Amino acid sequence: MARVVVDVMPKQEILDPQGQAVAGALPRLGFEGVTSVRQGKHFELEVDDDVDDETLERIAETLLANPVIEDWTVRRVTVESADGSVAGAV
Amino acid sequence: MARVVVDVMPKQEILDPQGQAVAGALPRLGFEGVTSVRQGKHFELEVDDDVDDETLERIAETLLANPVIEDWTVRRVTVESADGSVAGAV
Amino acid sequence: MTSTDLTGQQTAAPVDTVDHAAATPGLPQPYRELGLKDDEYQRIRAILGRRPTDAELAMYSVMWSEHCSYKSSKVHLRYFGETTTEEMRAGMLAGIGENAGVVDIGDGWAVTFKVESHNHPSYVEPYQGAATGVGGIVRDILAMGARPVAVADPLRFGPADAPDTRRVLPGVVAGVGGYGNCLGLPNIGGEVVFDETYAGNPLVNALCIGSMRVEDLHLAHASGVGNKVILFGARTGLDGIGGVSVLASDSFSGDETGSGRKKLPSVQVGDPFTEKVLIECCLELFRDRLVVGIQDLGGAGLSCATSELASAGDGGMRVELDRVPLRASGMTPAEILSSESQERMCAVVRPEDVDAFLRVCAKWDVTATVIGEVTEVSEEEAARGGRLKITWHGETVVDCPPRTVAHEGPVYQRPVERPADQDELIADTTEALARPSGPEELRETVLRMISSPNLASRAWVTDQYDRYVRGNTVLAQPADSGMIRIDETTGRGVAVATDCNGRYCRLDPYTGAQLALAEAYRNVAAGGATPAAVTNCLNFGSPEDPGVMWQFEQAVRGLADGCRELGIPVTGGNVSFYNQTGSTAILPTPVVGVLGVIDDVRRRVPTGFGTEPGETLLLLGETRDEFDGSEWARVAHGHLGGVPPRVDLGRERLLAEVVIAGSRDGMLSAAHDLSEGGLAQAVVESALAGQTGCRVVLPEGADPFVWLFSESAGRMLVAVPRSEELRFTDMCRARGLPATKVGVVDPESNAVEIQGVATFGLDELRTAWEGTLPALFG
Amino acid sequence: MRVGVITFPGTLDDVDAARAVTTAGAEAVPLWHGDADLRGVDAVIVPGGFSYGDYLRCGAIARFAPVMGEVVTAARGGMPVLGICNGFQILCEAGLLPGALVRNSGLHFVCRDQWLRVENTTSAWTTRYDRGAEILVPLKSGEGRYVADEATLDRLEGEGRVAFRYVGENRNGALRDIAGITDERGRVLGLMPHPEHAIDALTGPSDDGLGMFLSLLDTVVTA
């Protein structure tokens, strides 16, 4: 069993109104110093050990992301720290 | 300038209909071996160097995540590889 | 008992079985943490003849809660039944006590409707709270065998400019829309009201209407020994368990070292897609006649569904709890019974139909599991309401008379006392408040009123709701009532409106409730439909406060007496108590929903002017100097005191009859009822809705301030085509309904001219009326 | 003439699409997402709604349904296909139309009566309209903002494949005010607003949408 993380982000040239809304809200809440925010999706998959990288790439490309508007990264996650945060390694 | 990544996920005990929908679709597309999928949000922030960890934590907690139903992790990203994938370090 | 950590690792501990409970009578139980009083706990022990198991304790505590048992309101709600005459009952196919009331609307159609509150969850998590509120009421309607066909959402929030309102309102609206839109249910009405007493206590009420052929009515009962109990829909998870998680915590597991479950958030997340599929699946099951009885799983989850189904049937019920499909591992029987996971239903099915039932579920990809069956009971057990036995891996964890869980909870006669400050409040009238005088001040008052948060356009909210889906919406926002076509061939349809002015109710809850009823009734009639039935959602503060109980009692009496006078029955409703912060309760808010019937929706009456080339404006009813509790008193002076407008239900009835007759005979081209903001508000709204100007000429000697802003009840503004004017005014005269000519519609004009007061461009009015909510909420 | 109307789990406007087809005088044939079978229809409508809850991305899961394989093949062979709202999203995800539909720029779901300008009167679905005519139909979507790269947009414009444009307010922020586009042959139309909700002024803002279904009739009958 392995954990795989796929992050999907809107392409740079595509307007990201959600990220912009967050960026716009920060100063109103008193948070300064954040110059840009982009928002995308984060997937955590539990996969059998026999699922290879190529399959994972195809899953990301055909289903999890829409290549017309999004970029993505796939990482297998090896370590899970106690607080649930993951330190990744590709 | 630093890049900060915040990943926000539905809490374990909270229903994740989006993840379920993806998990349900995979076998129909011929992808076997994925036993669970959870879907959350991925934020990439560009922040000034003087923004400290505590502030980032507060930003995540008050704006990016909804602590009632979501967990989150905050990481400063130090390396960015060419293909846009990020190798993280907390 | 079994305790589990959040990742689902099981730590071995025995389950608390009935035998174990009998053997350990002295084991301390966390009943107080579960909200039970000492005497309530003792009653459970007396019923069972032993201490309850953890699972039983979970069931009783949640079913005996205020929300499920109506323990404080029951003695008062009986009054609705007592005041319903046989004549009123005639068109009712099911009434109070069922999941929702059902009304025969003719042409072989029945319609069911109900409002429910989801107030507190929507404060904690606005999006999900509101979303699951919609989901819950839709399942209630579905459980009657009806297809849900429309929703509405009466909402109340703290001050419009309060920071917390900016958190709550957008989330609630997005949640109502997110869920309802995805279900494909047109949103055809509701309310948005701001008042500081709702800060910290927003009211999120949701209404759903369903339609069915009369012969398809399904009632919740588990009859027929040997019939199977099938749980279908979403899996059961840890969401919404809240308080029951104390049963798994360290101190009560008898194992000091065990890792107890930390207290879980009591928030549920909705999955509208699953609900949409569940609806279609249920409707196919009904169509194929595969269902004997059905119950939705709402608050109190399986505890409620199993005990209600079992106690309504003619036998007992046995449930194998370990068969319930779970989403989380290591859940205990108590948790499974109290989980409020959404999008689940429970059906009773004849054994020979089980395969067909499961096939339909499979077609819709809906998980369905046989979890038990209807059992034979002894005569003695039958007399006690049957027997509910729930097992967990073969061991009995619940064994009780289900009626004691579902229907024989505690009933309180709470102290009732008219608040000491009520007289002072009534004495503080608006008489001394400075009124605008002269054209300049009146002009400014019109603009200030129409742009105030409670009177401004609701488009920011309603534009987030799909009102077109299903293609049967004939009237929706902005209109006095929402109206949908039920029968595409005959054009038969229904209309619905919800209303309540909490300020009036604060001044006089009896009259206030009648005014709420009168307004909803009038709103339905304004569209041309005949009011037929009433539902309500009674939102109040703490029942432990005798002053709140007085408000409650008065409101119930006012509403019930009013319904009798109007001749329309209350078919169902919902009570929400404890809406208060500290010792400050919300304004008493008995939201009243009225359902009307129209034989042909093509004769609906719209709100907007200008559908006919020449129209005369008539004001029906009488205008008095009535400003206590008015929106003007709030906007201009922040004032609340005095007595609410006079209510005359006989007059409301006459007004409705005249308007409906006018609609039937094609004498009306527009109608808009007068309520908050008075005539000025109605004229502006109708002009903007029709994008047509008009000239208002008040009668000789009329005080323009009173005529423009008074909130006298029993009035409606109608536009009558020139050619029909005489016929219509003759009818009013013959029937004794005052009708005053107050102006003419001018299709050529882009302005509302109030003669002798001011002229407003339609653009100016639109900007003032539409700008407020977007400026506040983005 | 027979027009297929697809139902996916979560489809909402299939009844309305079928009603519009019937009102125009054709026969509506229900098509089920799980059947790889078009039942011999002459044209297909992919209606609006929230197929698979619109989880992940609108239309992302629906496009893999067995029936969609048949639709793609038939469309490539010239069968008229109309995707409305969620249907438009599905056709984009399936690659029958270029570009994508993303979250409204205002971040809210928008339901309103929307004026559209007819830009193309030669496609299978638009012959009944006059070029430049303005029609009033409901728009109701949360992810209706049409996007594509500049080159694609230029190509769409150049080839006359922008079929409808928003007039007045463009509430979702669609690039170049695009409300609907066609494929190269003008047989496949994807449209964000809902013509099927504008076939009768009783239940919609107008009956302007009926023209699309009548156009199809002309197209198929003269074919």
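Should a chain be cited, it is by its letter among A, B, C and D, assigned in written order, with residues numbered from 1 in that chain.
As a convention for this text, a contact is a pair of C-beta atoms (placed from the backbone, for glycine too) under 8 Å apart; a residue touches a chain by one contact, two chains touch by 3 or more.
For each chain, UniProt lists the protein as follows: D = Phosphoribosylformylglycinamidine synthase subunit PurQ.
Keep in mind the model is a prediction, meaning the values are calculated, not measured.
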| item | value |
| --- | --- |
| Between B-C and C-D, the pair with more C-beta contacts | C-D |
| Chain centre separation (chain A, chain B; CA means) in Å | 6 |
| Mean-CA-position distance for chain C and chain B (Å) | 37 |
| Geometric centre distance via CA averages, chain D-chain A, whole Å | 31 |
| Where chain C touches two or more other chains at once, by residue number | 271, 273-274, 365 |
| Where chain D touches two or more other chains at once, by residue number | 52-53, 55-56, 61, 64 |
| Where chain A touches two or more other chains at once, by residue number | 63-64 |
| Complete list of chain pairs which touch one another | A-B, A-D, B-C, B-D, C-D |
| Residue ranges of chain D in contact with chain B within the complex | 52-53, 55-56, 61, 64 |
| Chain A residues within the chain B interface of the complex | 1, 7-9, 19, 22, 25-26, 29, 31-48, 50-51, 55, 58-59, 62-64, 71, 73-75, 83-90 |
| Complex interface listing, chain C residues touching chain D | 174, 177-178, 181-184, 271-274, 276-277, 280, 364-365, 462-474, 485, 601-602 |
| Chain B contact footprint on chain C (complex, rising order) | 6-7, 124-125, 128, 234, 237-239, 264-265, 267-269, 271, 273-274, 327-328, 341-342, 365 |
| Chain B to chain D touching residues, read off their complex | 17-18, 20-22, 25, 28-29, 39 |
